[in-house]
Amino acid sequence: MRSPYTPSLTVVDKIISENDVNDIKTFQLAFKDQDAAKAFKYTPGQFSEISLLGVGECPIGIASSPMDEDYIQFTVKKVGVLTTSLHNCVEGDVVGVRGPYGNGFPTDIMEGRDVVIVGGGFAFTTLRSLTKYILHEANRKRFGNLTVVYGARNPGELLYKYDLEAWGERDDLNLVVTVDKGDDSWTGKEGFVPAILKETSPSSENAVMVVCGPPAMIRFTIPVIEELKFQPENTYISLEMRMKCGIGKCGRCNIGSKYVCKDGPVFSFDELQVLPKEY
Amino acid sequence: MSEPRDQIREHARRLLDEGKVEVIIGYEKGSVPLQSTPCFVRDADNVERLIWDSTCGPNLAKYLFDREGKTGIVAKACDARSIVVGIVENQIEREDVVVIGVPCEGVIDLKKIDAVLDGKEILEASMDNDKVSVKGDGFEQILSKKEFLCDSCISCRHRNPPVYDILAGDELEETKESDEFEEISKLEAKSPEERWNHFSKELGKCIRCYACRNVCPLCYCKECFVDETMPSWCGKTTDLSDTMTYHIIRALHIAGRCVDCGACSRACPEDIDLRALTKKVEKIVRELYDYEPGLSLEELPVLGIFEQDDPQEFIK
Amino acid sequence: MILRSSSNRSVVLKMKEKTIEKKDLSGFIDSLLEEYQVFAPTIAEGIPRFDRISSSTQVSLDSPKLERSPKEVFFPQCETLFTYQLIDGKMTMEEPPALESERVLLFVRPCDVKALTLMDSVFTSWEPKDTNYLDKREKTIIVGRACSRPWSTCFCTSLGVDPFGKEGMDLVFEDIGDKYVVEALTERGGKIIDGSSLFKDAEKKDLENLKEVSKKATEAIRSELDVKEIEKKLKAIYDDSFWGKVSEKCVGCGVCSYLCPVCHCFDVQDEGTELKGKRVRIWDACQYPIFTLHASGHNPRTSSRERIRQRMMHKFSYFIENFGELACVGCGRCIKGCPGNMDIREVLTGIMATEAD
């Protein structure tokens, strides 16, 4: 009988600093145990409980794509106890991983439809997983047009620059990257995500929208989503609550009767409409 | 003169009617015999809910911290002293509170009554000046109130609120019948090992519910050290080392501030003798600085100031 | 071994009632101790609680206060999830071993057994199951006791719990004066009295007595509340000013949650260094402000208004949505424990009386 609270051990394979201020890093982890690696089947939008033994545990979205078979990736911002310790890790260190948990993005519903991905700031991590997943050669044909609108405060804060560059060269997605404020070398768009989304004006016809970002961005994006006529049942958002167990037991992450760890973190706007606004 | 209770109601009605305060915080009858419960009156028509008797234990000063707007508060002497500490520490605006002070002859300790009833449950109770009569299934008993007062009330030296705007009831004569630090002296007389056993036994019962901290008006830190995580000062378990750390640091943190209202001890569901720590700390502060907190608005917090002739022998 | 799931709580057996003289009870308990780990109500440092016993003399059936709930027998306040150690550069983790043998939990009140079945819903009905809880639960034989002495704060009957109810028990002891009527409700319950000469077949008179006693106990419950369709009411008054008023005196401690037999929230913490230590789970409470505090500083439940509402909504609305039952059994522990005398009966009455504003 294996306890669901015991993590599988992984080794840090690679650490990528994602931004200029160096408070966001991507950790590439490899399972020590082959069975654990095989058992770890996830979909974009799911998360794990990441832990350092002796320090603690916290939920982190999975940033890699299920198609990346040899490793999993997590992108972590340094804010508190665990994330600070994690930032002090070096390659070869041992990290505990539990999961995958949560429902993930509804890739089944997205099949055969256009997909619009809207992300702001550091919440782009699981959207990156979804984008990579859709763009994978084994999957691309199953989805319609793909639009990705992604914004950060400034060019230095853009995550996954290596991916953005590669995606920019492809013709099977419409990638719109924007920054609130550019610098001397920035030649891309300037402006907030809601405005750029409006300008991009993706069609809502047979399309699904996924949006993640800081509360302020979400607040201003909602009117644009409505204007573009995306229906609440076709619009999805990934939420964050404080979590501990990740499996619907510790009673911490509920919004109404739903546990964000178990029933979410991805909710459609119409699911959210019937839940209390307590998040 | 009318009863303190009626005076409280009259003053409350006038303060609300004249718009001097938005709310009166006082006590009302609780749902369980011999318990009162905090009560917030905003409408002058509801002042009849307010009571004053020996069940009025909770330290209402708690509710003045973090409160906005003009507030009237029913304050027995130790509550008033907590308010003074709050004002001196710049946590309460003097102008925002109207203190309805009440001289207090002590509040009863329900746990002591339960102990003599040995499992018989009180279903009805009434009180007069010095008697408590309790009734239950097949029993009726009249108890002498004096024997069932809280320990902090028995050793109390300040039955009259030191600071108030209105006084409800007549000033009482202060008593010094017993030795205020009698229990502490007994503990001090024990060997270190006996003391360790005493505290291990008491604090070993702690379930970390934080009722003691949360009812304490002076535990107002925005983030309590036990909740801090960077760094984490104290483990969260109920292991003795963690509960000890919690209680010792808490006792030190209220040094020179604790007014010995006894609210923490009354709140504790495990009947832990918390005053053994807090009263000892009070004694140390008294001996070193000849200081009692909460008696004057002019005096600065004793551990918040430095004077040339402060004793230093204890700094090792 | 099967665990009674919340959907399948029907009484498995109908065996003939037995009786045991009160004076023989200690003999029975001591005989159990030869075979099982036994947990029973005891008094430790003045606090009545369920604890492992080594002799029948430790059992206290007439404690002067309502005992602590038995939830800690299955869900201890601090529980090691696993230990870890770095040996020769290799990290190893070890979970506490599963229980080796069956345990017996003696003399649990019907409300507390009901509470256990509610906790089963939380810990065992959703995958992955909570193996720490499940192991203890599956390997514990529950011996109930009919509640012939309700306390003044009890309101179980208003919430559908019967002081003589037997739901979730394997065996039940019912006090009829100088003896107990004993009824086995499951095979495992029957097993522990089988072959003991201390139990006699119940006589007609005993069963008549039992009826009498049970009627008296039910009548002794003084609090009567009407909580019909409370979940609908709660939905309607979610934004009502009622919550601001009712929560004003709450100081945000954890007494109500810790004493409650149904409250199950917990925290997970590491104890130790990176070389050696353990990960533990510790009870937690939704009334603490930091319970939902995000690392960013954002808090979805900033004041006691939201937190009291959460406690009530969870017990009387969300739990019904998730498991079809209320998460309160009316034991009244929170009423007696609250330092501010917040009375859940009054809160419930207040909820039912509130018309959405």
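So that you can tell them apart, the chains are marked A, B and C in the order they are listed, and the count of residues begins at 1 in each.
Note that in this section a contact is a pair of C-beta atoms (placed from the backbone, for glycine too) under 8 Å apart; a residue touches a chain by one contact, two chains touch by 3 or more.
Treat the numbers as computed from the prediction; the structure is a model and nothing was measured.
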item	value
Taking each chain's C-alpha mean as its centre, the one farthest from chain A	B
B-C against A-B, pair bridged by the larger set of C-beta contacts	B-C
Between chain C and chain A, distance of the C-alpha-averaged centres to the nearest whole Å	39
Distance between the centres, which are taken as Cα means, of chain C and chain B, whole angstrom	32
Mean-CA-position distance for chain B and chain A (Å)	50
Set of chain A residues in contact with two or more other chains	80
Chain C residues counted as touching two or more neighbouring chains	267, 269
In the complex with chain C, residue positions of chain B that touch it	30-32, 35-40, 58, 62-63, 114-115, 117-119, 121-123, 201, 204-205, 207-211, 213-215, 223, 227, 235-239, 263, 266-267, 269-271
Of chain B, residues touching chain A in the complex	229-230, 232
Interfacial residue positions of chain A with respect to chain C in the complex	1-7, 9, 51-58, 79-80, 83, 94, 215, 240-242, 244-245, 247-252, 254-257, 262, 276, 278-279
Residue numbers on chain C that touch chain A, as the complex places them	81-82, 84, 91, 93, 95, 98, 122-123, 126, 128-132, 135, 238, 264-270, 272-275, 277, 279, 281, 284, 286, 291-296, 298, 300-301, 306, 310, 313-314, 317-319, 321-322
Chain B contact footprint on chain C (complex, rising order)	45-47, 62-65, 77-78, 151-153, 245, 248-249, 251-255, 258-259, 267, 269, 271, 280, 282, 285, 288, 290, 335-337, 339-343, 345-346
